[in-house]
Amino acid sequence: MAAPEQSALIYIDVINDFQFNQGKKLLDQTYRILPSMMNLKQYAHAHEIPIIYINDHYASWRADLQQIYQHCLNKGNKKLLEAIRPDEGDYFLIKPKHSGFYQSSLQSLLYELGVKRLILSGIAGNICVLFTANDAYMREYELWVPENATASNDPNDNQYALTMMENVLKADVSPI
Amino acid sequence: MAAPEQSALIYIDVINDFQFNQGKKLLDQTYRILPSMMNLKQYAHAHEIPIIYINDHYASWRADLQQIYQHCLNKGNKKLLEAIRPDEGDYFLIKPKHSGFYQSSLQSLLYELGVKRLILSGIAGNICVLFTANDAYMREYELWVPENATASNDPNDNQYALTMMENVLKADVSPI
Amino acid sequence: MAAPEQSALIYIDVINDFQFNQGKKLLDQTYRILPSMMNLKQYAHAHEIPIIYINDHYASWRADLQQIYQHCLNKGNKKLLEAIRPDEGDYFLIKPKHSGFYQSSLQSLLYELGVKRLILSGIAGNICVLFTANDAYMREYELWVPENATASNDPNDNQYALTMMENVLKADVSPI
Amino acid sequence: MAAPEQSALIYIDVINDFQFNQGKKLLDQTYRILPSMMNLKQYAHAHEIPIIYINDHYASWRADLQQIYQHCLNKGNKKLLEAIRPDEGDYFLIKPKHSGFYQSSLQSLLYELGVKRLILSGIAGNICVLFTANDAYMREYELWVPENATASNDPNDNQYALTMMENVLKADVSPI
């Protein structure tokens, strides 16, 4: 297994407005994993692992972190976004579709950083996290997807996605 | 030929710090084409053509227009950047390498907009513009690369790149 | 919905040696769907829909249909391979990984053919078919994945993959 | 610089029918570089460097080496094709467009082989070789493009392409 220093922590779609069908459900589930997401950030800092946000652009097609953040911020998600927002020095990339690798700069960044192992966290576990994990597996990255650091609208769907990542993609899904 | 409304104006690396070998030369050449670049913007507005900036991220790997703009701004390029900066409603994407298509979201945006024809403008004509034009040609976009709206360090290299785009890529290189 | 003539029938990994863990199980499941796969071929011929094979290359990295076919052929799969092999005029492409779109020429071919809707059939339903369906969805193809024309080692996994394709990817999974 | 054993020899479009505008000119130029191309093959064998053909499919969209070879073979190119054809154990991939990397499996193969440095040879020097070199440079491969092992319709265009590869792409262009 690659050494921890060759890892990167990938936060998927955590800067999120939750303004969609069942968005409130997903917001609730995301608050439940917020402590684990924060633990991952500490883990990353302790091991000097780079942190990469790969995020929807909310139909703006603008690589503009501040605009995206302001667009997403609302009363319901304020505590979440303030806790999880990128710090100076964290990387932040946009993606137009579900997978973090599709039509984004993610793979170039991982190559430059020499990353061999991805730690995936974020939402939704059975959609964007799973699509990103699939693409990571085809690109031969090792995967750690802590089971307590992804959330989906429905916990059963989240569990099934984790099972697929473990069985098909050989992901480690042990919790943080 | 596709109707003008299926076109997009692509500005390549125009938010630029010019802090590299021969950067002063390229800055001078870029000021020479600034009037043509501004004419293209008017042309785009008149024909309701979307304007897309595809730009270096200056080693930040952050989709953060304001940070990139502030990083680039300096005494030498101030007039240029203030004139050519993206307006609200313009698209702005980052690219990690020379071609605007490589590891960026450009093609997804063009697909969503229904674009069939690209108008390329920017710098450097014999590097990032040419690489972008090559990739556009392989993706079967029609090309208009106005000869007075690209600049390179050396005008001869710029001219040769235009000749290649005309001969190999079937680009229209007539001036704006 | 796109007209049938803008569809393509995609056979995924059907030229297969089944020489892997649980390969015998998958072979048995594949014989069960062979009648439906053949019905799809008739459907394609009746509607003048192009047929595209996208297939593993069995570590050869050679775009060499005859070599791949001979490599795969064995006593157990002989009837299957003889029934399902590409006819003259069918397309045949190789893929190095699970998704038919990843590092293959598939999207270029679909673009040239003007295809908007994919009919997916083949194996394994919960791996290569699902990965291909995910990538097709991100590229905005409509999907028909007849539930009786994909097979997986385990019928439960096959069913779950179909459910995901229906719910997340908006695929039509009605049988042929 | 990467050790020779991390190199790969890439033959670009050498299985060629030359049935296009100025094809006879290119065929003549290609016969002129045939001795150098054969020297490269010896060099590859001596250093245990893998040999990869990346080739047009002549509108067949079939990964079918034998069909492509038979399609291309004619009286004019017979000696060339018989000399340069892939041996057993050589890799052979198809590409739909000019660059060997675009919509092909080339990068996956290079990754699996652990290749860091490409030796490019083939035709046409100012089109498919140059496009492939551009894409290789963006993917951070070192390049050796022996000046006596590429050919273009017009020797001046070939020379200019070599100059671009040397100046922009940092390619070594010293002859074999």
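Letters A, B, C and D mark the chains in the order given here, with residues in each chain numbered from 1 onward.
Keep in mind that, in the parts below, a residue touches a chain if its C-beta (ideal position, glycine included) is under 8 Å from a C-beta of that chain, and two chains touch if they have at least 3 such contacts.
Keep in mind it's a predicted model, so treat the numbers as computed, not measured.
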Original post:
What chain lies farthest away from chain C once each centre is taken as the mean of the Cα atoms?
Top reply: B
**OP:** Measure off the straight-line distance from the CA centroid of chain C to the CA centroid of chain D, and report it in whole Å.
**Re:** 32
Subject >> Gap in Å, rounded to a whole number, between the CA centres of chain C and chain B >> reply: 40
Original post:
Which residue numbers or ranges of chain A touch two or more of the other chains?
Top reply: 97, 102
Original post:
Looking only at which chains touch which, which shape fits best: line, ring, star, complete or other?
Top reply: ring
Original post:
How about chain B: which of its residues touch chain D in the complex?
Top reply: 97-99, 102, 126-127, 131, 134-135, 137-138, 160, 164, 168
**OP:** Write out the stretch or stretches of chain C touching chain D in their complex.
**Re:** 52, 57, 61-67, 86, 91-97, 103-109, 112
